[in-house]
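There's a structure below that I have some questions on.
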Amino acid sequence: MSADAMLKVEAVNKSFGGVKVVQDVSFSVARGGRTALIGPNGAGKTTMFNLISGVIGMDSGAITLDEARIDHLPARKRIGVGLSRSFQNIRLMPHLSVVENILLGQHSRIGGLGELFAPIGWISSAPARAEAMRRLSEAGVDVDPDAPVAGLPYGTRKRIEVVRALMSQPRLLILDEPAAGLNPRETADLSTFLKSATADGLTLLVVEHDMAFVHGLCDHTVVLNFGRLIYDGPTAGVRDDAAVREAYLGARAATVGGAGRAA
Amino acid sequence: MLLEVENLDVRHGRTHAVKALSFGVGADEIVTVLGSNGAGKTSLLRALQGLTPTSGGRVVFAGEDITKLSPPQRLRRGLALVPEGRQIAISLTVHENLLMGVYCRDDGDIARDIKRIYDRFPNLGARRDMSASVLSGGEQQMLAIGRALLARPRLMMLDEPSLGLSPLLVERLFDLIVEIHRDGLAILLVEQNTQMALEIAGRGIVMELGRAALEGAAADLRDDERLAAAYLGDGHS
Amino acid sequence: MSGYASGIVAILCINLIFAYAVFITAAAGQLNLGAAGFQAVGAYAAASFSNLGWTPGWATIPAAMAVSGLTGFLLAFPVLRTKGVYMVLATFAFGEVVSGILLQTSLFGGAMGMVVPDYLPLSSLVAGAVFATLLVFFLMATRFGLALRAIHDDDLVATVMGVNVRAMQVAVFTIGGALAGLSGALYAHHFSFVEAQYFNSTLSIFVLLFVLIGGTQTAWGPLAGSLFFTLVPETLRIGGSWRFVIFGAAIVLMMVVRPEGMITRTLVARFRRRPAAVKPVAITVGEPHVR
Amino acid sequence: MTNATAIGAPMKSITTKALVVVVIAAVFALAIALGGRVIAQQIVSGLMLGAIYLTVAVAFTLTIGVLNFLNFTIPSLFMLTGMIAWGLREKGLLGFAGGWAWLVALIAGVVVATAASLVVERFTFRYLKTRHGDATEHAIPLVSSLGFLLIFEHLVILTLGSESQRFSVPFKADIHLFGLVIGAPQLVSLGCALLVVAALTFVLKHTRMGRALRTIAENPEIASLLGVEVTRVVPVLFLLTGLLCGLAAALFTVNYGDVSPFMGDHVGSKAIAAMVLGGIGSIWGAILGGLVVGLTETLSIHFFGGDSVEMIIWGLLLIVIIVRPRGLFGAVAVGKGKL
Amino acid sequence: RAQDITIGLNMVKSGALKNLGEATETSVDIAVDEINAKGGINGHKLKVIKYDTGSDPKQAATATQKFAQDDGALAVIGPFSSGEAAVAFPVGERLGIVQIPNAASAPNLTGNYTYAWRLTADEGTQFTRLLNTLKKKNIPINTAEIMYLSDERVANISGTQFYPGILKAAGVKIGEPVAFQMKSFDVSPQVSQVLERKPDVVALAATPDSAGKVIKELRRQGFTGRVIGSQIFADPNALELFGRDADGLLIVAGFWADRTDQTRAFAKKYEEENAKRGLTSKKSPHHTDAWAYDIVYLLKQAMEKAKVTADPSKVAAERTAIRDALKGIRFTGVSGDNICFNAARDARLPGFIIEIKDLKWNLFDQHPADACTDG
């Protein structure tokens, strides 16, 4: 599988003031596949995402996307090579409307000054805006597109983040807890949506605590614990792995089939 | 009833988030409020704590009309809220955040209670003197819960406390809720984790567009076809 | 137009251009408390070129804009290392340094100021104001403007979205510098005289107030702010010193009533709200598939 | 951004502290050796001037460090103290004259300034209710405070005139030592400031009140959820601000013997420079910043002339901000939070 | 019914220059009332339209525009300060209306503006007179130090050009002039520097507020010699501000209230009128107030000479006629007798050397106005 690995993380280390948060972690994400990154709270998942997206720099190791090193690229350029992310603690722009937040997601696609200075606010039927609206409705977000995002319910904002990340037309989409704050029904809808969004070859890496969601969506799972890799294999095998069960799933996993979020 | 809500109305500009809602929470109850995105759950809890002004109705707590009181005054009467989305003070250390939790207390058990929180959430203990800004999402959630517990309220309102917690910790969280309830706290719980919420709750209320669409004993709700259809999707239950 | 009205319109035009200069950086979340410094650079540049006998007279205007724009460009690099209050105070310090230098340099007349030979009539000021207004409205309607507002809200996420935050900030500092220079150059030519004492920190504070009271969220804000700041003191003219007291009270009240400025996005949206394309529809229990 | 952690943070370490003292002492020794009595006098004058600045700088740093609020009314509170004291005494409103009238008048001035500070709190406080923290959020109270600056200044001008006024005290306020003139009120100012700082540092770092203030600074909503009565705690800070400004102004008035409706502006802008130089939110920083600005002022006047002052001080500040964006002693500012 | 004659008053009643300028209005009102009580000008009543610039040059330009275009004013008194005048003079020139400031005394301000006339005394002339008096009265002055307010134009040019030149010409040894600014509330570093050079006298150029600080600091640091200065801080109302420290101070004023019956009458009215208006601190006319009073009479004289009719259809012509009438005019008023204007349209005014003693102004010497040979 490493042959068609899209993203490769090799021997990555990161510490904050002496505390080793990510230790010698290596894994890869298969092209066109859907991979989950799970682990207990504080295991280093978000940190891993920050390293991949370049928000923070790593101490050592290598990150490659399609065989090309990306770890020296500044964060702003990584979206240009096809990497897009969402945030665990929702980071939408509070003063922008829903559709403007989505339009911002297209920023990396604009080619040159001409497009940078093309008015988008004046013509409501502009193609960019139309695309944004289409994506929103595909994701099942039913809100007034011109409403400011600040007052929206948690779950809605969470999904807007996902749509925003998709707008850059990435090759690799990394989502940090996209289902948090969604109810089981909405979680299932999100899962369906993500499956369709990845149907045409988009590679997906998600961090998520909702195991039902993970089982339904991802074929491959990577588990971190205290910054170290403790499992890297098919999702189906996670439940049977003793280390994972002890560190992450808890006793219930053994008894209740699904674990975590019930479904 | 410890908490009685009568015809509560909450508006955000033109959005009517809670519409003439009435219900109560008894002193020895766990009541859970369920509902889809935007149903008005958060608006309800915030209004109960006094963070959002109400536009109609009454809130009675322990026999006293508290509709006009400020959030700190409500807290002093024994009503506490763990807000949605990890609201911790990132410029304070973990320990200082916990100390803020006992801001309105001045009894001698503070040190013991704080130690209990550290025991319960070892992640926090290990980061006692770190700035809360560096905590992971789940750790922040733990801190928010731990801090609220320290206020020793009579009624604790939790807005999606399991958000972002690992399955293991979700389990521990629900155990904890049951435990503190046994210590004599009433609980009003908003959750997306429907099944576990209904497992520990005595009663449940399902909100929909600001109204109570379903209400009843948790056990009944769990088996309710309509709820399953609305929340769990086809073929999921 | 009466002489009084045209006098006030002239002041309004200069204030408006100046306010847009401050607005364009504030839109990206950077408060400039040294705007008078940029205005002074533009005014003195125009005055100097004019004294060197440039023809035609108005040729000094683009040149002055270029000089002050370049000043903004060069200042942006060091100043953008700072954030928040530090940035506010760094720009403040810049303004003080400029007025200090001008006051000390005999080439620019020192405390005696400089006479500007070429007079430009009110129509040039109006043209300048229209230009600045259209420019800023246009910029705010483009992806460039969207990116600015994104930086204002959250520069880190904007970076992750691929926005070149630093380049954007430098760009707005340059544009802001050029616009402030435009207002200064027009001031110099219309009032025929510049002196360093005029471009003081009070002026910087006031223009920032124009923008903050007007609102930093839309390009309407500076327009409203400059109108408010130019016309309210005029209508209060009878009051002598009282007018400043009343004016101060108006500012305080304004902040109580509309803390985010007179014109907010919500307000603008209310005026041009198109019929919502998708009405929010809720899931109804029992009919799960309504969406 | 929030600087709350910086409040009360002592200087980095003992070594830094020692280093600073040694460097300053060395500079003095060198200057005095080269320049003789005048330089010594300039240094003394600079330190004394710094004493006035630093008291006001501490007031600035408090509100900005704790509430993230650049309080522009501080200069006008300073001015109010002096002008009210003069007005009461001059217009015979005290009911008596001579003797201790000057002191009573000054105390009354401090009381008025403190009351005014509380009025300001009522209205600038409003910003706590705005929902979304963003880059320009500190602008909201800042704007209101500029409004108050206009109100106070012009009310004073209306009632007491716009002239400078003489405020004499019935004793000589100077100490003559080794041929140097030293202002006693400024010495007192220095002493008071150091005392106040020690107390403030302790309060903010180690007490319930300090934590409550820092929580409010970061997010008033969280604070209120934790039982902090925002409307009771914040006024304490404004009370302190008023008192500090009043104290500084009283000492200023005794020292210079005159007051004017603009006295606050002049001291205020230098105090801001002092605060930034020392690092916003750091009380020790404000103290050192005040002394540095005072010294820079007198020495640059001495060596480069009176016109160079603004340019040198603000130029220095610009450079410090750029090379050390947190000021000389500022602590690490906390960012927006986790991703 | 005869049409009123309108003139504009471009004044400063608020803002930074409020203190210096707020009594101008009183003086103008007194003069206008007197004139109207005696039948006005050419049988027309005189009407003043007032405009407060708030010390903002832009507003001064607007005011002139308003007077000329909206109010049909025939001439303008003001603007007050040099900065405002520099902006308003070109406007007046374009619109063809005479403007006569009462305090804008910076040199060369009138330039080529034929409609710009000034009733202000030249700083250099006044200071020369002061030095002449010193010599005449045998006051020793071998060494002097200059201190000046650098961010005020008139003080700046006095301190950097007039004082050094004049002192040197008089054979006085001087050091490098020492600058301070309006915002320097602490002038001890400058004073230390000056006293280090042990001067016989200190020559000061500053506004009253700043001068007060310097004088106080000079005494504090033990200076016992004389302080001399020019007309900028020659403000009879600043005595209290200076206090005892000012004893021995020698300054030149453009107005001496105890000169004639007319000046005494004016000073009395001035005090009464100000008291009525709540300007209680303005007890004795500053020379700029006296000049404002005189400007009204000067305009009256010019208008009479030009035979203005206040006919709205002839406004433009009459404005020019007033300008032309000012040429070669000889004027007598409270500030002096037989005053004339030079080629640059600046008045030649007398000087009064004042010594401050025991918190009082005492006339020490006086100098008549220079003759106009070029006017």
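Which chain is which? They are A, B, C, D and E, in the order written, and residues in each are numbered from 1.
Please note the rule applied: a contact is a pair of C-beta atoms (placed from the backbone, for glycine too) under 8 Å apart; a residue touches a chain by one contact, two chains touch by 3 or more.
Worth saying up front: this structure is predicted, and the values here are computed from it rather than measured.
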Inset, instruction - Moving only from a chain to one it touches, give the least number of moves from chain A to chain C. - result: 1
Legend entry - Chain pair showing more contacts of the two, C-D and C-E: C-D
Legend entry - Chain located farthest away, centre of chain D as origin (C-alpha): A
Legend entry - Chain whose average C-alpha position is farthest from chain B's own: E
Inset, instruction - Please work out the Cα centroid separation of chain A and chain E, and write it as a whole number of Å. - result: 75
Legend entry - For chain C paired with chain E, centre-to-centre distance based on mean C-alpha positions, whole Å: 38
Legend entry - Centroid spacing, where centroids are CA-atom means, of chain D and chain E in whole angstrom: 38
Inset, instruction - Please report how many Å separate the Cα centroid of chain B from that of chain D, as a whole number. - result: 44
Legend entry - Set of chain A residues in contact with two or more other chains: 46, 55, 87-89, 91, 94-95, 185
Legend entry - Sites on chain B at which at least two other chains make contact: 36, 38-39, 134-137, 230, 233
Legend entry - Per-residue multi-chain contacts in chain C, two or more chains: 103, 152-154, 156, 241, 244, 280, 283, 288
Inset, instruction - Note which residues of chain D are touching chain C in the complex, please. - result: 1, 3, 64, 68, 70, 123-124, 126-127, 129-130, 134-136, 138-144, 146-151, 153-155, 157-158, 269, 272-273, 276, 280, 307-308, 310-311, 313-315, 317-318, 321-322, 325-327, 333, 336, 339
Legend entry - Complex contact set, residues of chain A against chain B: 16, 38-43, 45-47, 88-90, 151-156, 177, 180-186, 188-189, 209, 211, 247-253, 259-263
Legend entry - Contacting residues of chain D [partner chain B, same complex]: 2, 4-5, 208, 211-212, 214-215, 217-219, 221-222, 224-231, 334-335, 337-338
Legend entry - Complex interface listing, chain B residues touching chain D: 49, 51, 70-72, 75-76, 80-81, 83, 87-92, 96, 99-101, 103-104, 131, 133-137, 140, 147, 151
Legend entry - Sites on chain C touched by chain D in the complex: 26, 29-31, 78-79, 81-86, 88-90, 92-94, 96-97, 99-101, 103-104, 152-154, 156, 201, 205, 209, 212-213, 216, 241-242, 244-245, 247-252, 254-256, 259-260
